[in-house]
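Got some structures for you, see below.
Paired with chain B in one complex and with chain C in the other, chain A is shared by the two complexes that follow.
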Partner chain A sequence: MMPAANPTLIQNPLRQPADLLRRYTIYAVIVAVILAMSVHLLVYGTDWSRMGSPSEIAETAISLLPNLNFIPKIVSPLLDTALMAFWGTLLAVVMSVPVSYLAAATTTPSMIFTFPIGRGLIVLSRSTHEIIFALIFVATLGLGPLPGILALACRSVGFMSKTTAEAMENVDRGPIEAIAATGAGPTARFLFGVVPQVFPMFLGNAIFAFDANVRRAAILGMVGAGGIGLHFSEQMKSYNYGNAGACVLAVVILVVVGEIVSNRIRTKLISG
Partner chain B sequence: MADNTADLHKIYLSGRRAARLVKYGAGLALLVFGFWTVSFLEIPMDRLFGLFGRLGPMLANRIFPPDLAYATDWKVLLSLVETIEMSILGAFFGTVIAIPLAWWAAWNITPNRTILYPFARAVIVLCRSVPALILGFLLVAIFVFGPFAGVLALTIGTIGFTGKLMAEQAETIDMGPVEAMRATGAGPLKVFIFGIWPQVKPAWSGIIIYNWDARLRGSTILGFVGAGGIGLHLRLQISQLEYHAAMGIIILVVVLVIFSEAMSHFLRERLR
Partner chain C sequence: MALLEVNNLRKTFPTGEKALNGVDLSVEKREIVALLGLSGSGKSTLLRCINRLVDPDSGQVVLDSTDITSLGKHDLRKARVQMGMIFQEFNLVNRLSVIENVLSGTLGVTSLWRTITRAFKKDDIQRAIELCSRVGIADHIAKRADQLSGGQRQRVGIARALMQNPKLLLVDEPTSSLDPKIGAEVMELVCEVADERNIPVLFSVHDLGIARTYSQRIIGLQQGEKVFDEQTSALDANSIEHIYGFAPNGSPASVAH
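Let's look at the complex of A and B:
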């Protein structure tokens, strides 16, 4: 600490000149980087001559207002979207059991062979966008909700397995040891020692994954994987902006309802 | 009244039996619902079972040697840089807007519960409920093709994402310093800066970094609808059925996302 000039004055160590200089340098660098990127992307990267005048922009925005007459036609694809999310989540839940078994350091059969496989699957699933999975499955399976379901399952299995594996690594060893002391084998130890501790969190995460999957399912149709996204992109491409706006309204309603429902269920699960 | 243990045990058992009946009934209903949805979605089961037969050859022939020479072309790499810039700009602008919104949308610290609180909540919910790809498509239609629409879409996504998390975090703070500040007669802004900000800063920094990571994932795909970034190249290659080149781009994107995830993890660990 630097000796204070006036011993009665208490100095804030974070206000030393060196620290202040360092802090403001960091701020300056951040601002400079943001400015440089803005200039590069937003000033030079954007074709400003093609951007309409304010009145044209307003006109397009108004033409996007939902055409309510179109709503009855998209109820069925909206239901498709919700069901795709449901099945995708269910498949992910089923798939996450073996994957998290492999990826949890406490349960994996071999730290050298199976543990990296489990972790690798999790990383691959979490870092690949659902659209990319959908593209691969559409190419192999054709159009329709089936590739969408598989894409959602592949996308959310990483989240499910990661949280479950972490929970399994952090379980309380007491019950497991107590069960082992009765002479129980590894299966019984897992079923009665680990599963009851992990299960409530697992269920909560499954509901969270469903909520996220509803959002994801809404766009999968844009690459042909079923649901409302297909109608949205069709209407956009044929410049029926009013109808496209109706699709967006439907998606917003679906997502908000999904979020409210899943929040309800989750708080109920947590409170018992 | 049950005054001996046998009666108590009977009551306990009957309660458990009823609970179990409800549980199994719900499970059965879910199963029936699930199988009804298969017919509703018109899922061709034969295709599902033929999946593995087709996925193998397709991965081997059409996808497998990923065209990394194309993916490391300077044009593609430049669009990758554009993607990163879009994510940083979107995350930055969105966070700047989200900080006051989160302050207003936290019930315990909001300066005004009748107007600002519902307003901020509504903005955050609206921003959250539109998937990024749909938003990008709409903004490209309204404004202009290119990264401008992408940055705007990411900004809106950030507001929804960080706004909710930050507000939830702010609702758990210690109200003592806030009330002490209020008791001195400080205005809402001063209460925020000196009573609330120091408490929420560590958690909010974590949320901001995590949000950047999430936006980077979203920005890799925004080019699909012409909103800038590497997604455009992916779209082009897919439309031309150049799966080798598309796979090269996908690998590039996955590497980028894994790198960003590692970086965000490292930064958040350092904050702690």
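Let's look at the complex of A and C:
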């Protein structure tokens, strides 16, 4: 390095001109490669001959404006969707108890056998889309809300277990030590030492999962798993765009209401 | 025979750190004994080896003729009930109420069903309320533990330990998380309640003044070995330098009072 007469003028060693040139060359190459690949995808991948004129596009957009007369007919499937989200979340919450027990390094019976099982189930659940779970359950159990509920449960059990396992790994050991010092057995140590530390977060995450499941449940109907999505896909297929738009509006209302309610409860949980 | 006998206790942690290097000590009935030493001298490990929150490598801990070191899981739990412990960081369950924290002192003798349903016995609840008022937190029993001040929380810790009806109190740096005034009040309280119940106290401390004011006997630890074991009145400048390995600032007399 250059001898520095004034110490404040020492250059950041990571920002030498040669390094900067190399770095920006790399950025430029990356951008160029992405652009080149995208030209192929977008230009040759688009069916230009079928592309409508701007007025046609506007017409389609207008026809999607919600037909409010259709709303009364979708109240019941909308409630079905909310119920699917509720039961799917509840099932996930129940399943996450044993899974997080296996997946937390501090509670798992064996780091060699049970820990990888727990972690594996979490990865499987989190990396598989709810549509895939729904397709599998629709194929095995037939149409209706039940496969949808199971799909939602399988989709959110990973999230619930991962957050719970991590919370259990990070609990303050002090209170557990104190409970152990009273002569308490393993159940009492868990119920009085671990659970109170983990429970508020667990409940908060369950509500968070429910919130996400309301959104997911609205889509699952499109692959035959009941609820509002089924009506949306039917109306789309029969070109009743106004009715389809009403379905979208109904889902938006449901999601917003769900978010408001869950936010309220979560805030109460955190402050209370 | 002394209530508590510790013979040749040794503990080396997996990290290779030698925490205890053959410690012998005894605590008589009604005695208040201070474990004095610098951080890392093995005070906390020694206390935790007595109720086996830490398992010693070798040596013996005998409480009231029961060899704690040889007990299986079930009998160890019964033995732990007889030793109340008070912690430097209080170690309360923050999300639970004060009264529930105090009641958790009965978990060693509470049935599984009552533990799961949190249905504590009426007598225990009555006793917990009495203990809360004895340690001066009667007004706070319904509050959550994390809403209390440090001194109040340590009082909850004391009530929890007394809830066990212990034969011995193990007290780990009870004043280190508190300011000097509150610390002295807490230490005062520990000595009072122990005296009322005829319970001996073994407390660890690095503060010379606290050790001098509240103990009848001082055991000095240095790097896992006992280097001093005398009546508190016998502690002089030489022995302090011997325990600490250096002479603390100021004359010992001024530190004490």
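The rule is short, and it goes like this: the second predicted complex is superposed on the first by the 248 of 272 C-alpha atoms of A that agree within 3 Å, B and C clash if a C-alpha of one lies under 4 Å from a C-alpha of the other, contacts with A are read in each partner's own complex, and residues count from 1 in each chain.
The rule is simple: contacts are C-beta pairs under 8 Å (C-beta built on N, C-alpha and C of every residue); 3 or more make two chains touch, one makes a residue touch a chain.
Keep in mind that what you see is a predicted model, and the values were worked out from it rather than measured.
**Student:** Now for A:L91: first (chain B), second (chain C), both, or neither, which partner does it touch?
**Tutor:** So A:L91 meets neither chain B nor chain C here.
**Student:** Quick one: is A:G142 in contact with chain B, with chain C, with both, or with neither? Answer first, second, both or neither.
**Tutor:** Touch partner of A:G142: chain B, not chain C.
**Student:** A:I117 contacts which: chain B (first), chain C (second), both, neither?
**Tutor:** neither
**Student:** Give the label of whichever partner, chain B or chain C, reaches more residues of chain A.
**Tutor:** Ranking chain B and chain C by residues of chain A touched puts B first.
**Student:** Just checking: does A:I71 make contact with chain B only, chain C only, both, or neither of them? Give me first, second, both or neither.
**Tutor:** In the superposed model, A:I71 contacts neither chain B nor chain C.
**Student:** Please work out whether A:M201 is in contact with chain B alone, chain C alone, both, or neither, and reply first, second, both or neither.
**Tutor:** neither
**Student:** Regarding the shared-chain residue A:E177, is it in contact with chain B (first), chain C (second), both, or neither?
**Tutor:** second
**Student:** Touching residues of chain B toward chain A in the complex: what are they?
**Tutor:** 34, 37, 40-44, 47-48, 51, 54-55, 58, 62-63, 82, 85-86, 88-89, 92, 125-126, 128-131, 133-134, 137-138, 141-148, 151, 217-218, 220-221, 224-225, 228, 234, 238, 243, 246, 250, 253-254, 257-258, 261
**Student:** Chain A touches which residues of chain C in the complex?
**Tutor:** By the definition above, chain C touches chain A via 51, 53, 77-81, 83-85, 87, 89-96, 104-110, 112, 115-116, 157, 160, 163-164, 170.
**Student:** For chain A, which residues are in contact with chain B within the complex?
**Tutor:** 33-34, 37-38, 40-42, 45-48, 50-52, 57, 60-61, 64, 79-80, 83-84, 86-87, 90, 123-124, 126-129, 131-132, 135-136, 139-142, 144-146, 149-150, 215-216, 218-219, 222-223, 226, 229, 232-233, 236, 241, 244, 248, 251-252, 255-256, 259
**Student:** List the residues on chain A that touch chain C in their complex, please.
**Tutor:** 174-175, 177-185, 187-188, 191-193, 196-197, 199-200
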